[in-house]
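This is the structure I have questions about; it appears just below.
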Amino acid sequence: METARYAFEARSVSKFFPGVKALSEVSLKLSAGSIHALLGENGAGKSTLIKIVTGVYQPDQGSLFCSGQACRFSGPRDAMAAGIGVVHQERNLIPRFSIAENIFLERNGRHLFRMIDYKALAREARPWLERLGLDLDPALPVSRLTVAKMQMVEIARALALRSRVLLLDEPTASLTPHEAEALFAVLRKLRDEGVSMLFVSHKLEEVEQLCDTVTVLRDGNNVCDARSTESLGRQDFVHLMIGRTEQVVTRRDREQEDVPPFLELKSVSSALGHRDISLAVRPGEIVGLYGLVGAGRSELAKVIIGRYPVTAGEIRVDQAPVKIRSVAQAIHRHGIGYVSEDRKHEGLILDHSVLENAGITVWRRLANCLGLVGDRSIRALVEPHIRKLEVRTPSLHQKVGLLSGGNQQKISVAKWLSAGVKLLIIDEPTVGIDIKSKAYLHELIHELADKGTAVLLISSDMPEMISLADRIVVMNAYRVQGELANTGEYAKVSAGIMNLIHD
Amino acid sequence: MASFFLSNEFGLIVGICIFIAIFSWVDANFWSPFNLFVISRSAGVYALIGLSMMAVIATGGLSLAIGAIGVCAAMAFGWAIESAGLHWSASLAVALAVALALGYVNGWLVVRTGIHSFVITLATMSVFFGGMLFLSQGQSFRALPAEITEFGRLKVFSISALFLTAVAVALLLAAFYRFAALGREMLAAGACPEAAELSGVHSGRMFILCHVLSAGLAGIAALLVTARFGAAIPSMAGQLGQDWLMPGFLAPVLGGTLLSGGRVSVPGTVLGAILVTILANGLLRMSIGEFWVQAILGCLLLAAVLGDVMRKRYLAASGRA
Amino acid sequence: MGRTSAYFQADWFGPAVISVLAVLVIGLIDRAFISPAALDVLILAVALNGMIVLSQMVVIAIGQMNLSVGGIGGLAAISFAGLMQVQGLPPVAAAAIALLIGVAAGLFNGWLIATTGISAFVITLASLSLFKGINLGITSAQPFYEIPAVVKAFGSEALFDMLPFLSLPTIVIAFALMVLLTRMPLGRNILAVGANPGAVALTGVSLKWTVIAAHVISGFLAAAAGVMAVARLQIGLPTIGDDWLLLSFAAPVIGGAVLSGGHVSVGATLWGVAIVAIITQALVLFKIDPYLVQAVLGLLILWAVGINRWREVRARKGEGKL
Amino acid sequence: DTKVGIVPGGPHPYFSAWGPSGKDASRDFKLGAADYKVPAKWELGEQNLLLESMVSQGYNAFIIFPGDSVGSVSTVADLVGHGAQVIAAGGCFKDPSKALFCLGTDTGNSAYLGTKELLKVMKGSKRILHLTGFMVDPNTQLRIDGVRKAAQEGGGTVVQVIADIDAPEAAAEKIGAFMAARAGEIDGIIATAWVPAVQAANSLRKLGDKRIRMVAIDHDEVVIKAIKDGFVDGTMLQNPYGQAYVGAYALDRLRHGCTVKADAPWKSNALTARFIDSGTAYVDAAKAGNFVGAMQEITKGLLNSFEATYLNCKK
């Protein structure tokens, strides 16, 4: 039979949520020994498809085939039994459990009363960690890990299942290029061992580098299905995904050396361990803050907005020395806003609606003398921004937690656009965002700067940094290593940055 | 519109209608003016107690001390009238001020120590109530002005003034959560303190205000009870004020308030209180072996919530097809 | 990380130090407090309350609440006493049936919660009313008096005149729970469900049965506490269990349990019980004005919790991310 | 027709005689009904709900143990406003109230008398431990005062008051803790609440200590047995059966044209000036075997003279 060629196949699968048609008649074919890319904009239905394949959701229509046999999954256990492993987009770890226990969590469903041998678990877990180039004690609780390491642990968990089909939903979103390389090496090895893999990413370079075939979704529909990537280039992917070619954001040169800085840090030290930090951001200027993960950039942002105390040095806003004691003060008195990198916990209130999340920064400003503020005035202010970012949501009253990951990220940026701040600190704005929205966001950041907003951009994405920033400040180990002007020449600037870091 | 039929509030209305139908079929006297008055009077007090608890549940915490705070407010009211000789309107202010202050203490302790509000309010419940007992030596204040006692008996078309007060407070509160920037900020802080903080909300301050608001509502509830009894008595909420806990939780939880914080339903809480009062009243009116009433109340409650779940499943299923 | 700092960071460490220090300090002020008889009473209190509290703790572990612990305990208590008095069953058989009633009640709670998705709070609040109502319906608020001598002896005497018999079930259960929660897949699943139910569901472990299991264990322990209460009080009172609820939450939380689930500790919880018992009993000895007892109790609990909290914050500062 | 509602404060063994007593009264006096109805919980609010629902079900006469002696007064006013007649039994409403009279035990006086009995049996030093119930109950203060007064008069001292121990577990714990550490510092125990009396009797039995003398309250089997066995000296008995029986009779008479005599030989206590003693008796080992008979005698006496003493009836 024809289908037997595929390790896994989904045929004409549809899935409806209240008010949302997430997938309609989508097909997916995964061959053994190949890496298959699943592409699409935010909210196109990628994660939903993966959840159907892994038994988390049941399809409303359509059928699934494992190695040519029709199969039905009534739960994740069935999918696992059929040899399907997965790394979901969201983290699914038990923070207080050890790495080893998390990796083998699925075994807990088998024998409820057999004593767990933690030593043996750790022994078994170690090779999987090593395979990913992780030098971690398997007995360590997961809560002690950084987000990137947690991501790797989940990948290790999926590998440890020794599945024939492995689905990876944006596994590289929070990895450094170095860590991602280690992962790719493992994936290639698995491919050679005959494993069939599905890989979701918004980083097209990775797809080009890694994948053999590609399925593209647009608005829950197949644009193409198991097409070979050989003849496809970056622009073709883009075209398939968004129906037109990529909009290239041009770097602009802004010259206003003479304007006094809006924000100035002078030898600032903080309770979090920052030492002797000096930097300045002028109105209308985008200052990049680059560093490897753990350099203390996010923490510095939180110090600036008054979340953590400054222990020495001085912060000046509009040339006046200030003591910012709370975030509310930073926003409402000094006009400083912060887009968090951790949207789930710090950026958004997942249980609240789109409108409430996007409007939270303006409630106080819009309130009348009685402290009252109606939905209509908030809407008037917020809706244009949400429109502009093309947030895919059935209504402004949808819970943000039900949006796709990328759309959530858009909301967490959108709320600052309406806030009208004079300085915006943006932390990793485009993680998990599709290329179309990424371009929008970049355009938006430029626009903000053109209108005179001072922007401090934290990003670990070097191309992004170079296409946006006017100047780049490099941090390492909670100190500023140096600063360089961004000329826009990728090779030169990135070499300069690396030099500063490894000084 | 479809979402209204799926809501808790609608479910409660259906439940209330069903139970009213059953009870008035079994017992023609159910609609007597006196029974209406009695039901509305109890429901008014329970609604306010529920709203008071709801205001703290909005933070994702809870307050065991609402009963104790209420009693303290009522006793302060009695004291202000009897011992300090103040006018009743000034005494109301004193009582509410006491309640708000105690709420502030709770909120401040919760925010400053970072200890779960359960433990803090468990301790302050003891402290507040114990302090009140020590000061009052367990004695009641009875010499209240006629305005107060008359208010307790006042009825408008057989509906108790206590209930109307509760409804008025509920309307204000609903508007507060819906339209006031402060109310919105309270809910945001309750749902996710860190995210709210980074959006410029003083989450800590909001938590304190939630406790203060809750205490104020508890104070109003206690003053209504005082009007109803015509006296401020230390035992009006039971030992340590614990008698308020069950009605306090039941009404908001039935009404759809999230125990994890960030979402409240004012109308749901009021409807929940009404449902529970009608259930209790209707059951007492049937001649069930006196000791079995509570068991049957439990069964009916279960039936009510299970019926509600089936209603939602049915509607969700039929909505898709 | 040194051994000592590992202890310093353990959950049970703070409550344990507070308890031991409190006993020593109070004992120094008044030797009578550490007389064997007084310690005996302290152990008895910890034994009975400990069982109650463990019953709640299991449900806290899955991030839920069981408001009906007192209802189940009371029902088991009067079943135990009633079966002996009215049906003339031997104590062991009566206890077994009482425990079964607890298991059934837990199954009832757990099954309803797991299949309907209604919050445990609402279900157990309603079932509390149901269980208490059955209790009153059976007894008409009358106690059962005829408790066999062996049951009374079990409730009042001590092994080798040292360790009250009543503490044995609690010790056994505490140990078993500790093993369950730290070493057995079922216990790990219970904790995992408390921490992140979504993640557990994705591993294919049955959420439903884990929730039911936690409630069944809780029902069993509550019933055991009810049986123990009959032995301790030497009488089958229908009011047994009415007062359990607050304590059952307070002790785990004082011991550092997270009410949203996923983190409980048997040791810390039992030390939490000990703190409450020590404070309660010390207040009796120090002749506090009866009108002030409540206020002082509250202040002391705040103080004890505050100290423990301070230690936790200190301990957490030592940790970093990798 | 007289429909009597007999309503205690909550479920409690003290009231167990009220049910049968109401049935007996209904039969003996040919009443429309005399139903014993118990609030589901010992809560003022529960009792009020119950009373309110009963009045709209057509009950027109009530025998009530007040959930709170002040807090229940307004409920009485509601009931009377609906044409019902109300008397208090067991405990009293605090004056002024619309209740016709209070048929019960003077709690303060009972505690006083019990302490007197205790002092009588104590030899040598007279250090007393007082065990009592909820501090929010105004009766508790009356009991504390009664015990203190008796102790002063009899040359004894109240060493300590342990209160708020109506829950059995708390009672066992606190009494146990006290006895373990301080048994040597007291010579006698007076218990003025049901549960503490039971637990203290158990505690003394466990200690096997007959040096410490004790006087309890009420007729719990544990207490009676302890009296027979010599661990407890006696108990202040009340007459719940008689309260409901005589109360139902009186209410029926009142519904049939009788009125309450203003100048009857009312006793008065801390709560009310219209108090009728339903019978308080001190029961010691000698009488422990037959306390029921003693109470029936009192009830009979009270019933026979009731109309003549307390009521004006037009014949």
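In order of appearance the chains are A, B, C and D, and numbering begins at 1 in each one.
To be clear about the criterion, a residue touches a chain if its C-beta (ideal position, glycine included) is under 8 Å from a C-beta of that chain, and two chains touch if they have at least 3 such contacts.
On a predicted model such as this, the values are computed, not experimentally measured, just so you know.
Chain pairs B-C and A-B differ in how many C-beta pairs they share in contact, with the greater number at B-C.
The distance from the centre of subunit A to the centre of subunit D, with each centre set as the mean of the Cα atoms, comes to 72 Å.
Between the Cα centres of subunit B and subunit C there is a gap of 29 Å.
If you average the Cα atoms of subunit A and of subunit C, the two centres end up 44 Å apart. Looking at subunit D, one finds that residues 11, 38, 40, 135, 164 touch two or more other chains. Residue positions of subunit A touching 2 or more other chains: none. Looking at subunit C, one finds that residues 133, 136, 140-141, 291, 293-294 touch two or more other chains. In terms of which chains touch, the assembly is arranged in some other way, matching none of the line, ring, star or all-to-all patterns. Interface of subunit B with subunit C (complex): residues 64, 109, 113-116, 118-120, 122-131, 133-134, 137-138, 240, 242, 246, 249-250, 253-254, 259-260, 289, 291-299, 301-302, 305-306, 309.
Across the interface of their complex, subunit A is touched by residues 179, 183-186, 188-189, 191-192, 195-196, 198-206, 213, 262-263, 319-322 of subunit C. Of all residues in subunit D, those touching subunit B in their complex are 11, 36-38, 40-41, 43-45, 48-50, 52-58, 67-68, 70-71, 73-74, 77, 82, 94, 134-138, 140-141, 164.
Listing the residues of subunit B that touch subunit D in their complex gives 27, 29, 32, 34-35, 38, 42, 45, 133, 137-140, 142, 149, 152, 228-231, 233-236, 238-239, 243, 280-281, 284-285, 290-291, 293-294, 297.
Against subunit A, in their complex, subunit B makes its touches with residues 175, 179-182, 184-185, 187-188, 191-192, 194-202, 258, 262-263, 316, 319-320.
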